[in-house]
Structures are given as structure tokens and as C-alpha cells.
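Across the two complexes that follow, subunit A remains constant while its partner is subunit B and subsequently subunit C.
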Partner chain A sequence: MSTYQPSRRMQSLTVIVAVLLFVVTWLALATQTSASAASAPCGPGDANRAALKTVHGERALRPCLSKVNLKLSIPQDGLRSRFNVKEIRRAGQETVKFADGSTEKLWHLSFASFKVLDGATIRTTDNNDAQVSITPDKEASFGGAADSGKPIYTDVWVSAATFRINLLLIGCLVPIDVSNPLLALVTVANSAIPNAITLGGCAIDMDIRYLVSYSDDPSSAGNYPVRLPNTTLSLS
Partner chain B sequence: MNRRVGRLLDGFAAFRRTRPFWGALLLVAAGADVIYFAGYPIFFAVSGGWNSSAAYILGGGLILFGLVAAMAPIHSPLLGVLGVLVALAAFVAANLGGMLLGTLLGIVGGSMVFAWGEKKPGKRQSTPDASTPAPAAEVVGR
Partner chain C sequence: MSTDSATRATVRTGTRWGRAGALAAAGVAATIGLGTLMSQNVLATQVTFQGNPSQVSVGGLTGNKVGITVVRSTRSVDGKLTTGPALRVGAAGLQLDGLCLSQKQSIAGIDYTVRVSAGDGNSSTHEIQAQDATFDVTSIKGDGNPGLNLDGVVEIGVSGDSLVTTDTGGEPDPNPLGAPSGTGWFGINSGVGQFSNIRGRMYGFKVSEVAKMPGVRISVTPGTSDSCDSKPIQH
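Right after this comes the complex of A and B.
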């Protein structure tokens, strides 16, 4: 053996340390994998998935829900209409299960379209530092008509919501909580005369736990559930 | 100056000839390739479980075995076999072993490390003296 190499013992030691390091790192990460598999997001066997049904067509949904809220806010700016919502229905209060096994009573709302006319902000409750601002040139819409003309409905499950809508004679002056009986009245009207009532509003605050858009005849060409023509999205 | 450079080159040549240099270099390159093509930032890889960290573990293993093969050449057969095995595992677990290139480099490098035999550290191998009689018989094999 030449003088350019460490001693035989040192070489053996180096190899043993290297192999041990490799094996230990491998095992450490393999253990981490099995630990994360054991704590599956919705419990063993997905037992903690929520059991939800849509208002239209009673489609069964089994989402795995975290407790992070999506907060949608449109602040008031005088009596100017800043959004409108078509065919809003309040399906009632439902007990919904979360991934951690806990439950909460959420209000279930449904609408055929929701248009932001001026500007809205969206943020999640797990990050208070950042929010997305939606500033449409004319309007940004959620839902609306699919390519076939059939509506794309959106159902939301909210833990809290407050609207200022141009309802009856109260205008935008009085905030209406999601539990307000007036929304039951609107729901009855929408069921009696479908596709008839579009409400304008000045402000909204919604704590959304879950939302889903669906249609009997989904679009394949261009009319999708979220439409943001000439809309500026900014992160702040 | 020239003598200094010459000494350095001689030193490097001696270094290279006394260890599985090229095989080890290929193993290191294979590891770097496997990690590069994984495309995961290391912090995400560490927190994301085996699926995202496999490239760092296997690529890191190839680099480790390559470096150790250069430091501990007497164990090069073992390190060569380990290098080939890790390169094969990388093909399954780490983005086709760094788009196949890492696995190929690892197999070739590992094989070279496995098959390496030490040469004399001098500039040139000495040629046998014609006057020296050849051995009557050689023992072939081990």
C-alpha cells in the first residue's frame, strides 16, 4: 500500500461510519414515512371524512376537512353594489365532521352564481399575513351558466357569514347574519320561482369551511366555475 | 514554477493511481445527478417523508460511497457493490434514477470501483527488464 492512503484501520473505520450513516439516515426517514402514514389526514380508514350532500341533485360528497377557513371579504363602500348573487338558498345548519374527529355546526348555502363587481379579498385563517385581492375590470364570477346553459351551482359550508344586501327596504344599512330568517324567506322565494331572484349587495364577510361547484352538464370549452376576465389578482 | 506544477501533477497522478479515482468520480456524479433531477428543495424533502427524500438519501449515498471509495480504497469491492445497489434503488425510488443518467453513471462507476486494482504510484509503470527471466509458471486465479 502506498503512502498516499490512510492506515488500514482508518480506512475500515471510514467505511463502517459511512455505511452506518447511510443506513441510519435511511431508517430515520423510513420511520418518518410510516409515522405519517399512521396519522393519515382523515384518521384510520378515512373515518373522519365529512358526509355532505349538495342542494341540487343531492350529490354525496366525502371531503376531508381541515379547520382552516377561507375568508372572503368585500368591505362596504357606501351604498354601492359590490357583488350580486343569483338563486341563493340556505339549506340549513348541518353537523359536519372534521379530519381531527371533531364536529361543528355549519350553515349550508347554495347559489347559482356569485359575481364580484368591484373588489374582494380572500385569505386563509392559517396565514393572517397574506391575502389575495381580486379586482375585476367589470366582474369576476363564481358559478354561472355552463356551455350548455345549465347552471353551475356552488355550495358553501360556512361557520359564520354576514351580508349587507339590498333586501326589501333595509338596503345595505343593516348587516344580515347567515342565521337571519330573512334568508329563509329568500330561499322560499328562490324555490318557488327558480332563476328569478338576483340580490345585489354592498359588503360580505364569509368564513368558508368548504365549497364545491358542480353542474349536471359541465363545460368543456370555456364556461368554467371561476371566471376572471380582465381581473387583477394581487398578493399582499 | 514548472517544477512545482510538475510535482503537483505527479502528486495527483499518484493519488489517482492509488485509489479507484474515476469510478469514485462517476459515483459522485451519479449522486449529484439523482439529487438534481429530484427537483425538491431539501427542506421540503426532509419534511415530506420517503417519497420526497429518497433522492437525497440515495443520491447522498452515492456521493458518500464515491468519496469513501477514494478515501478507503482497500474496501473498494464492498463500496462498488453498494454503489451499484444504491444506483439501482434510485431508478425505482428517485425519478428514474435522475432521468436514468444517474443510475447508469452509478452502475458504471460502482462496477469500476468494484473492479479496481491498485497501480504503482509512479509516473509510468516500469517495463520488465528484458534481461530478467520470466517466471517459469504463474498462478492464475485466487
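Right after this comes the complex of A and C.
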């Protein structure tokens, strides 16, 4: 029986080809990994990050904004209160930069707590590929109070907003646009009262570009500025 | 024939190139296959569970440095790889109170349910601990109160590729959830996330390091009735 014996040259060639194959494969995978890791999320040098400040404490924020609209809607159901808002403040209009470098004038609002009582739909409207829905069966709250009793403030930057608030004589009958001077009046009234009032509202429509809620003392016990009991997070 | 020549005739020396060639060809094919899957992000180096839609339920989940965004996820549908949107939830550190994962498999036309569960049966402990975990879902529901709670600095509306979860040497890892780049990809970032009584539909689960996972049980049952959806939530 004969056994094939390759020449020394053939053996050397086989080893060289194997080493070359290994190097090429490693380089291909390494290049791909570094290419995906190298891209900055907000343009070269992260230059497209927004430069924002919170109303309370002037906390500096540098978010990289997605430019996706998150719509919070609570339709009217008679004159029944469907949300509560405490210490609402309108800081004014600000030019805000998005991740792609484009800008938009947004209204900046702040509140100590915003509590949905029922009927809220929270859903993105222009995300790529599919929309994100946050669906509480009833209640949801943003902000509130920490264990220490200190308020946990929430700031939002919105492109549009309309409220129906139980206010003075107009009750929930008249929608108040975010640009309405009446909202500025509410802001002044809130600032003047030490324990700012909680307002009840019947309906709201808010196009949110960015929301930040900040608890200075996060704890496993849970100060939780965002509370979504019995809630489904889904994609559709 | 002399004894020497008989021995030379029966004892083969040198490389068996036929056998070695077959093994080398299989090895090269496997390497190319794995490389291709990795290049397509179908197979990451640490994937533990990916493919067909699966049911998941968890008694409680506490994560630190939590990110949530929309990604394009590769999955297997009827044996074919396809790409579709998924909600990716990631955390730098994860503690779970019980875990159940189940998936329907068809072998030779017969349906089976593969179910993996873990936990210590105690609803007051988060006995499963892991690092750098992500899971792809199309829906997730947190029952009761807290349900889905977020703590620390919570940001809603940031771009998916800017989320901060894991870090290397104190520096945040770039795009840890592998989100597509550019605007139009919604993201949520939070210092701490706490979810309770979770049920969801999942496409993938990746974890870099499982520190503790007591009470692991694996079952393969004919039919589709043994899924996590049909069981009480594991603790």
C-alpha cells in the first residue's frame, strides 16, 4: 500500500496558506469591530449634542437628541380631572440641536410632578421602522417627591402642547396653547406660592422631543421619578 | 518478504492527507460560517439565546445603567434569517427574581417546547445576577406597582446610539446597545430601572457574565402547552 508523502515545499506552502487565512480573517473581523465602535453618536467630536439647562438648579445637560416625537395624549372626558400637575413653569422658547445638526425652537416646561390619572396614550409618531408605545393601564407619574420630601423635578422640551386645566373661571372649557400668555400667568402664580398649587386637568396633547427627570438621590428603595405601574412597553 | 519489509508495509507513517483534508475543510467551513454570522451580527460572541420568538417571564428585575431603544434585530423566522425592528433593553448590571424562557421548536414536523427556568422560589430575593445584559423584545409588560419604574437621571428622547450603559476602564462604551446611527431612533436612558412581574415576547438575550443563577431547570416537552405564558411567574 502506498502512502502519499507531500514534498517539504508543499508542507511549507500549506502552513503559509493557513497562517495567511488566519491573519486575513482576524483583520476582517477586527476592522469591522473598530469601524462600528469608532462612530460618534452626535457628529464629529459629538458637536451636535444639545446644550440645555434645567429650570431648577440650572443643571447642565448635553443630550444627543433623536429628533423623534413622543406624543402624550389624554382626551377630554367631560369635566373630569384626568391628570394633576404641580409647580408648572414655562421657561420660554429655546433653540435645540438634534443629533444630525439640525435645530428646532422648542418650548421648555418644568414641573415638580405630573401625574396621569387615566386615559393616557404615550407613543412615538416618527421613529424609524416602528413606533414605541408606553401604555399604562391607568396611572403614571413623572417627578414627585424623594424619600427626603424634596421634589424630583421634570423638564420637558416640546414642539407643541395644549392643555385643558381646571383654572379660575374657565375650567376645562378652553384649551390653553403652550404659547398662550395665560400659561405664563400660571407660572407666575406658582412661583409666588411657597407650597405651589396642584392643578387638575381634563385633557392634554404634548409633542415631546426631550424629557429629563432627575433624582439627586437614586436608591434601591426607590425615589423613582418615572413610575409606570401596570404598564406595557411595546413596538408596533 | 522479510520481517522489516512486512512491518513497513503495515505501519503507516506520515500525514493522512485525505483525513486531514476533510477535517481541515470542515474547520475552514465552520470558521467562515461563524465569521459570516458575526459580520452580520447574527451571532455575537456572547449570545446565549437568539432566534425564534420566545416567551419570557421574570418576577422582578433591577438594573443599573439601563438603556432602551429601537434596533434592527436579526432573527430566525421559519428557519430563515430575517431582520426586523425590536425594542432592545440593556443594563450594565442586572439582578433578577426568577426567570423563565421558553421557545417552540419543530423537529421532523413535531412541535416541542424547550423551557429554561431558574430561581430560588423566594419573591423577596433577586438571586440571579448578571453583567452587561441585553434582550430584544416586541412587548414587555410590568404588572402591579412598581410595574416599570426608572430612577436617577431619566432621559427620554435621546438617540439610541448615544445611550450609556456599560463602560471600559471608567469610559462609557460607544453604542453599547448596537443601535443604528443617526436621528430617528428613539432612546430612554436611566440610572436605575426596576420592573416587576414581567411578561414579554423576546427575540434575543445576551449576557456577558452570569455571576449567580441558582435553581436552573431545562425541560423539553412535546406540544406547545409548557411555555412560560402558561406558567405562574417564576421567583
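Keep this in mind: the second predicted complex is superposed on the first by the 167 of 236 C-alpha atoms of A that agree within 3 Å, B and C clash if a C-alpha of one lies under 4 Å from a C-alpha of the other, contacts with A are read in each partner's own complex, and residues count from 1 in each chain.
One rule holds in what follows: a residue touches a chain if its C-beta (ideal position, glycine included) is under 8 Å from a C-beta of that chain, and two chains touch if they have at least 3 such contacts.
The model shown is predicted, which means the values in this text are computed figures rather than measured ones.
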Message = Contacts for A:T121 in the overlay, against subunit B (first) and subunit C (second): which applies, first, second, both or neither?
response = neither
Query = If you stack the two complexes on chain A, which partner ends up touching A:V15: first (subunit B), second (subunit C), both, or neither?
reply = first
Inquiry  = Tell me the contact category for A:A130 with respect to subunit B and subunit C: first, second, both or neither.
reply    = second
Task = Quick one: classify A:Q76 as touching subunit B (first), subunit C (second), both or neither.
result = neither
Query = Looking at subunit A, does subunit C or subunit B touch more of its residues?
reply = C
Key: Common ground on subunit A, meaning residues reached by subunit C in one complex and by subunit B in the other   = 1, 4-6, 21, 25, 29, 32, 36
Inquiry  = Could you list, by residue number, the parts of subunit B that touch subunit A in their complex?
reply    = 14-15, 18-19, 49-51, 53, 57, 60-61, 64-65, 68, 71-75, 78-79, 82, 118, 121
Residues of subunit A touching subunit B in the complex = 1-2, 4-6, 8, 10-12, 14-15, 18-19, 21-22, 25-26, 29-30, 32-33, 36
Key: subunit C residues within the subunit A interface of the complex   = 9, 12-15, 17, 28, 31, 35, 38-39, 62, 68, 70, 72, 85-87, 137-162, 174-175, 178, 180-187, 190-192, 194
Task = Within their complex, state which residues of subunit A touch subunit C.
result = 1, 3-6, 21, 25, 28-29, 32, 36-42, 63-68, 70, 98-100, 102, 124, 126-130, 132, 136, 208-215, 218-220, 222-235
